[in-house]
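Chains: A, B, C, D and E, in written order; residue numbering restarts at 1 for each.
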Amino acid sequence: MVLLNVIIIVFLILCAIAVEKTKDLLSAVVILSAYTLMMSVLWLILHTPDVALTEAAIGAGVTCILFIAVIMRTERYER
Amino acid sequence: MITQLPIINLLLFLGMALIIPLFKKRSFSLTTNLGLGVLFLVWISSIVLLYHVITEGAFYYQLGNYDRMLGIELLINTFSVLFSLFIVSLVIIIYIYSTGDATEGVAEKEYGRYYILLFILLFAMLGILYTNDLFNTYVFMEILSITTVSIISIKRKKENYTAAFRYVMLNEVGSLSYLFGVALLYMITGYTNIELVSEGVQSGWSLYPANILTAIGFMVTGIGIKAAIFPFHIWLPDAHSTAPSSSSAILSAVVVKVYILIMIKILFRVFGIDIIQAVHIPTVLLVIASIGMIMGSIFAIAQTDVKRMLGYSSVAQIGYIVMGIGMVSMLGLQAAFFHIFSHGLMKAALFLSVGAVIYHKKIRNVNEFDGIGFQMPVAMFVFSIAALGMIGVPLTTGFISKLNLGLAALDAGQVVLIVVLIVSGFLNALYYLPIMISAFLKDNKDQQRVMRVEKIPKTMLVPLVVLGGLIIAIGLFPGELLSLLEAAALSLT
Amino acid sequence: MRKRLYLLLFVGLFLVLSYNIMQMPGKSTVDAPAYNDTTEHYLNESIEETGAINVVGAILADYRAFDTLGETIVLFTSIVAVASILKVADQKKKEDDHE
Amino acid sequence: MNDIIIKSITRLIIPFIQLYGVYIILHGHVSPGGGFAGGAMIGTSLVLYTLVFGIDKSKQKFSHRVSEYAESGGILLYVSLGLIGIVITGSFLTNIEAGFPIGNPGSVLSGGMIPLLMVGIGIKVASTFITLFHTLIEEEVV
Amino acid sequence: MSFLDALIDHINYIGAMALFVIGLHTVVTHSNLIKRIMGINIMGTAVFLFFVAIGNVTGGVPPIIDQTNPDAVYINPLPSVLILTGIVVVVSITVYSLSLVIRIYETHGTIDQEEIAKMTSEDRDQ
């Protein structure tokens, strides 16, 4: 369990760095979504199913849809 | 019944915000009158509460009848009631003014939303003052930040959007830092109630100093960003200068003060004087305050837009308040409280009189103010009184607060601070006096030098006169207020 | 150059904070300072006091219901705020269509 | 999107998503979940409807007026439940002391006002998210 | 206790701190507005992870009381509640900032902070 925890933490940090480095905003949103989902998996491992459920629905679902909606109305690439 | 008043005050504001959409079809004056009625009700109940607290002492209000370690608790003491009364009174004055001039840049369709946001703003500010819970403070702080930002962006101008965006980003960084601090304190105490956390912090200081140190760092930085304390002030001039005039007055006179009050609450009630002195917070605050007072004034001199100038002046004035806090003595705290009052009055008067000039003459550039004192005597007269207060001329509230700060500095043995105070006063004079001189002494090519009362709505004139009168009245008779403020400072420890 | 400086600053911040964290209460057990009498009370008494077996739900909607009220108000405010920026008044839209 | 497969699958799947959302909301006090998660699920199901059938049709189903009532209604339900506490016990948002039935712990009908508050939160969250999505993808005319 | 053990014990806290700093870096250094909002989201989840790690108990079970098993060790429920509130707040702020981004794009034609700053300084010079 501890090993899984460490792996997920490393994965999260890599995802966060990837979000920062990606120039394509749409990809960045997809990575952010993966990051959030992985975060909710971590919270499931840490025995907080309530928060994991909410984060999966709100963070990964709604936030990313809203981000994509706005990127579609504005620019896709970061300069 | 009296013990129910705090929650009733909160619910009145909330209910008012919720029923405004129902009046969409009716005439708008009905809504504003109803809002004024609600404000007066809360004002009266705040006075009743103040009387109750002074005669019978502070009391707690437990939501849901749960013990403080389980549920959320409101603490009603002199500090919270006095400042909620101050906020409500100042907002009543600005509100009356705004019924004449909410128009400045706000589309007519948006009036309803503007007042919804205004009442939720009041709800959040009162909630912050009443609550005795760190996490509850965070929730109210988020309501406050989202409403303040949206009463800036509601004007729908180009520069409002960018100013609002910068504000919301920094605000959110500040909130999350504060939340991180709450997490660190929760980690070692297991409570979120301020008094229980404070006990836990005192006993945990020897065991987990790293937690407390990091928490102090995060919380002070986070709230420092929101309160525009000097190195974090970059959002303030843009945000306050682009907002509609009545919003600028509320933001500058009230909202920033609420964040400073949270900071006082956290420093004195959560951590306590011993710990903050052990980690040298007072020294840091004093240095930051001194730099802020000087630099804010220097930036203000360089501005040509009058509202931006007032924004930078706010940065300098926040320095005065932080200096009072940084002395960590009863006198210093009392002086800081008094300056919160006097700066609130003076900044509201300045922003509203400038708003009247913008409303009537459509000019914002300092260089175009020539001879305007003859065309708008009331507004410019109030402006002059408030500006003299800012400089620290006797007979105004500004003089009393500077006197108090100086006395507190002498008491603390920090003579350097008095020099800073005097220099800052001179710098203030450097940018306020030219406006007054050009307004009353210089000729304007187009207009004759005939003084006549300006033709602006009475709802705008009366608040201006009231504010000017209050500045002088409190400047002449500060005794009552000072003793109340002393009680408020005592109720913190 | 400026980016490098920022990177250095943030790495330094991270190192300082990590050093601090190492001195904080470590592995989470029931002996951790945060697991105190409040927690015990929530876990033991919530069924009698609220009748809910999910303690998170009990705290959310009963013990700390005021927080949740504040949070619904945040949602309400965000709707009003977004509408105040994005909604277009009737007349303006018509004018835009004419152009 | 005019794909018949997507449309029929969406028609099929949306009731189940919403049913699950309602289930999550109503079981907030006996199992993980509650108003936020369930409300967000219902909100996302409506977002899915908008994405597949277009915003005009979605607005017919979930019009501006309905969402306005739902938004205020959620908070008003919450506050009025709290006011019962003030009247009966003298404290805002009281649960069992204010006379709400405690029920049989573990069943759906338990927890006094907790399920009711969860319903209020759920309505609020669902309507908020769908309104925000509509507002963000298309400027609405007042 | 060796350094590695201490590191493993504190891994969630350190991860949260790292994510917080990465988010802060994104907010402060990037000039793309949408990227900055993403930074806020990362910072938010970092703080929530910190809360969850505080509430966690090794070998515990979720705080849903099982009356048939009185010996069960439950995790601390309070941090979960605080996060539930926090998540929704961060989403609200995100939505509001996104709507601002839409308007900024319409009025300025770009969502890059530096270009906007250049434009406004040109406006002021004129």
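The definition used in the following text is that a contact is a pair of C-beta atoms (placed from the backbone, for glycine too) under 8 Å apart; a residue touches a chain by one contact, two chains touch by 3 or more.
It should be emphasised that the depicted structure is a prediction, and the values quoted were computed from it without experimental measurement.
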item: Steps in the shortest chain-to-chain touch route ending at subunit E and beginning at subunit B; value: 1
item: If a chain touches subunit A and subunit C alike, it appears here; value: D, E
item: Which of A-E and D-E has more C-beta pairs touching across its chains; value: A-E
item: Chain of greatest Cα-centre distance to subunit D; value: B
item: Farthest chain relative to subunit A (centres taken as mean CA coordinates); value: B
item: Separation of mean Cα positions, subunit C and subunit B [Å, integer]; value: 25
item: Distance from subunit E to subunit C - Cα centre to Cα centre, in angstrom; value: 9
item: Separation of subunit B from subunit D, taking each centre as the mean of its C-alpha atoms, in whole Å; value: 37
item: Interface hub residues of subunit A, defined as touching at least two other chains; value: 49-50, 54, 58, 62, 66, 70, 73
item: Residues of subunit B engaged with two or more neighbouring chains; value: 14, 18, 63-64, 109, 135, 139, 142, 146, 149-150, 153, 156, 161, 186-187
item: Where subunit D touches two or more other chains, by residue; value: 30-32, 34, 36, 72, 75, 79, 92-93, 95, 105-106, 125, 132, 135-136, 142
item: Partner subunit D, residues of subunit A touching it in the complex; value: 49-50, 52-54, 57-58, 61-62, 65-66, 69-70, 72-73
item: Subunit B partner contacts - residues on subunit E that touch it in the complex; value: 20, 24, 27, 33, 36-37, 40, 43-44, 47, 50-51, 54, 78-79, 82, 85-86, 89-90, 92-93, 96-97, 100-101, 103-104, 107-108, 116, 120
item: Residue numbers on subunit C that touch subunit E, as the complex places them; value: 3, 6-7, 10, 13-14, 17-18, 21-22, 24, 26-30, 32, 34-35, 38-39, 42-43, 46-47, 53-56, 59-60, 64, 67-68, 70-71, 74-75, 77-78, 81-82, 85-86
item: For the subunit A and subunit E complex, residues of the former touching the latter; value: 2, 5-6, 9, 12-13, 16-17, 19-20, 25, 28-29, 32, 35-36, 39, 42-43, 46-51, 54-55, 58-59, 62-63, 66-67, 70-71, 73-75, 78-79
item: Residues of subunit D touching subunit E in the complex; value: 30-32, 34, 36, 105-106, 125, 132, 135-136
